[in-house]
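These are the structures in question, set out in turn.
Next, two complexes with chain A in common: one pairs it with chain B, the other with chain C.
What follows is the complex of A and B.
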């Protein structure tokens, strides 16, 4: 008996429910009308390519408008710059980039070959941290430009000097990042490797380096940015190579279109180098892909 | 100086399964690390077959409570870790690791990363990694302490299956009295402050262990006995 009552109660509830829903539906039209329909613009803004088009296109547009108002003496227009890029190649100016890129590549790899082992030593052994940290930290915070005269005294103005400037600029971020990454390798991982009787060298290559890899990669990428900075500054400082051209284009005969064209080429080189680095990381560290997914 | 362990004197018979059970802080994990050579005792020594233990060796396998897998290595890569340290060549490592992988029922997960696996599956990898080097002594530090109840019971059964096929000497640390009785030939009961071995219980259940042991009155009685033993020395701590 009680069961039936209960069921009846449920039935009443069930019958009542649609009425409530109906009321809500009856209320709905005015509120729906007052709400704007989902706009196409909003949908577009969620697309990555559209955002990029708006941002980059906007910047270029503003650049172009300012250039047209200011005139070519102050700012070349985008078509002028594009034409100048062609001229850079046609007139052979671009060949000056050869040695410049060479010093970038040699300097960058030399810097990494110095930085990562030093970072491992500093992160792993208190002794090396004590010995090296004062030097690293002092030069790291110093204006590297102020040290260029010393490099010129030591290495002259040749390839050696230019490579050393790149090294000086590029070496510190990866040292500091590698040391930090190694220092923070979890105790559990170290203990595990010890329990499996891992020899010291394999401890570094198979445990410390891969565990610290995200730190090291971040340091290497910052190092690349600094290397490119060093590459240009080394030459501007002593008026040779690409640096000389960059400066010359702003003097007489003043060719700002060529200056902007060359600057654009340098940006393209930097972006390409960065992309290559990312590709190398994915190749060397398949796990990095998963790490990125987890981070999102 | 903190004295964690005092007057611990135990002898393990070859090819037996010994469980160390006790409250947290009784030094059972420390004792396990000393047996492995991961930690050095201030006084005293550990001898295995007459040899004094001074450092970890690949003749001992260690399974950790929190799995401690290398997150950047795949399941297969993790299992191969110890084999690499043993100097086993790549061509021999793969088949060996694959064989162990089947033993712990992880076929199909070869190229997964630990982060993509559940806790129970990660611990199977942990066990496989320890078994892969074919150690004569297997040390397990609360290996099922961080997985859920059902997974723990399944893993216990699988561990017994594997052990009964290839009886290694096992030292298994746990705070779970029932787990110790279900798995072990002997249960060494430890007490904290001062930390010492307070009792050794020979487990009367035969091999192969059957699931019914879990519900048997004999297990309940022994569990109560161990609990009484532990309680007499226990204090509630925050």
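What follows is the complex of A and C.
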């Protein structure tokens, strides 16, 4: 059984550790006894992967033990959750995520289509900065959740509502970051381009946007994370789509294994999307130190 | 940046004016039944403020936010400091901290109620989940950026470990930590409102849900308006306190 092998594997790690120390001390030449060479355990403890393996393995082990003692009604075991991931796909539950992701993508792109031009406007022109920044800064920090009932009243419970919630959550980071990126475009760069009588539109597409690209992509990445958060909140609030499924698995009939499986899938999707955009961000990032500091 | 303050204020006033005007026009056009014009919502807001229920509700939600904030601050600062002090701890906790920015914690709402119920404990945990990571990461960054010079100087006069933190590292890192705390205040208020809406509806959450349930649109809009201003106000106060505390840095 998968759970017992897992436990045994960890038990050997723990039991094996002191043995390694003994061996290392015994192997050491007597002359160096006053200052023993670094043991293999110590070397292992310097390794990130080893530390993570021990700690996260330990957490999973505790999870597993609690799950086995309390039963699936309280906490499903890890093998049960893994089996439930397979079940999610086999039984077609996962298809619920289709419309959810579709609305997420629509809302996310809509948010970016609003955010980046607004950010450029705010970064470029003091007037728009003064007019828009207070709104952006206010709504960005306040509770967007409390606006959900109003969005429901306006858009109903369907496609429009969920898309709008995603937009509302996703739009602010890219606005703020784009504006900051445009504002920090180096003066020499700007003045050189202006010296060649570059028309305003070309200034934006050829100078400002490329120079601010790392900032913008960082904003887009945070916007995507927010979009996913907004999607989940929107769906849990009105019991539809993936949010309904998540809630339903915790009610009767309670299927916590399926709940944890679905939660795992969502987390994996969110973390992967974030990692991919982070990669893009690092590629776009020039070597200047000023721009390495993330604008928040 | 370099525009005089009165120009900024004027533009801001213009912006608010245009917003309310548009709201009024859309509200009166009758195209959206759900958008009630501000000339109805503002008197309603004054009405519910006079009733006083919403103020009691606000106090309760803010108390939840404050409890979560204090717990989150203690956990965030101590784990942040620990991560900065020990590369091993950092190696272990880094994946969790960096994942926390993309994980939608709301997916845990259904399951939180199974383990912690729908009451105060569960809500505090949700608030802490919202605020702890931003405080943690700012503390760790702040401490990591303390330059070696002052630390070596302190070590040369045999400063104790406690004094090293109390008199060198923490003061040096305080701008970062305080910024983290300020961001944490915003997250805490957000988390508290979310908790009062999504776990057992109470306080401000109940007020909103109740107005929504009765389809009392002016009351709902007034309540949401109030919540937005309240949250913005709390953030404004936090920002002001940060600005005051960090005055020495600008001098």
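FYI, the second predicted complex is superposed on the first by the 213 of 296 C-alpha atoms of A that agree within 3 Å, B and C clash if a C-alpha of one lies under 4 Å from a C-alpha of the other, contacts with A are read in each partner's own complex, and residues count from 1 in each chain.
We adopt the following convention: a residue touches a chain if its C-beta (ideal position, glycine included) is under 8 Å from a C-beta of that chain, and two chains touch if they have at least 3 such contacts.
Nothing here was measured: the structure is a model prediction, and the numbers come from that model.
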| item | value |
| --- | --- |
| Which superposed partner A:188 touches (first chain B, second chain C, both, neither) | first |
| Contacts of A:126 with chain B and chain C, given as first, second, both or neither | second |
| Which of chain B and chain C A:198 touches, first, second, both or neither | first |
| Contacts of A:206 with chain B and chain C, given as first, second, both or neither | first |
| Greater chain A contact set [chain C / chain B] | C |
| Partner chain in contact with A:280 - chain B first, chain C second, else both or neither | neither |
| Which superposed partner A:237 touches (first chain B, second chain C, both, neither) | second |
| Which of chain B and chain C A:147 touches, first, second, both or neither | second |
| Chain B versus chain C as contact partner of A:60, first or second or both or neither | neither |
| Residues of chain B defined as touching chain A within the complex | 36, 38, 55-58, 60, 62, 64, 66, 68, 70-73, 81-82, 84-85, 113, 115-116, 129, 133 |
| Complex interface listing, chain A residues touching chain C | 45, 48, 51-52, 55-56, 74, 126-127, 130-132, 134-135, 138-139, 141-150, 152-154, 183, 222, 224-225, 228-229, 231-233, 236-237, 246-247, 249-251, 256, 259, 263, 266-267, 270-271, 273-274 |
| Chain C - residues contacting chain A, complex | 1, 3, 7-8, 11-12, 14-15, 19, 32, 34-35, 88, 91-92, 95, 99, 101-111, 113-114, 186, 189-190, 193-194, 197-198, 204, 208-209, 211-212, 217, 220-221, 224, 227-228, 231-232, 235 |
| Residue ranges of chain A in contact with chain B within the complex | 188-189, 191-192, 194-199, 202, 206-207, 210-211, 213, 285, 287, 290, 294 |
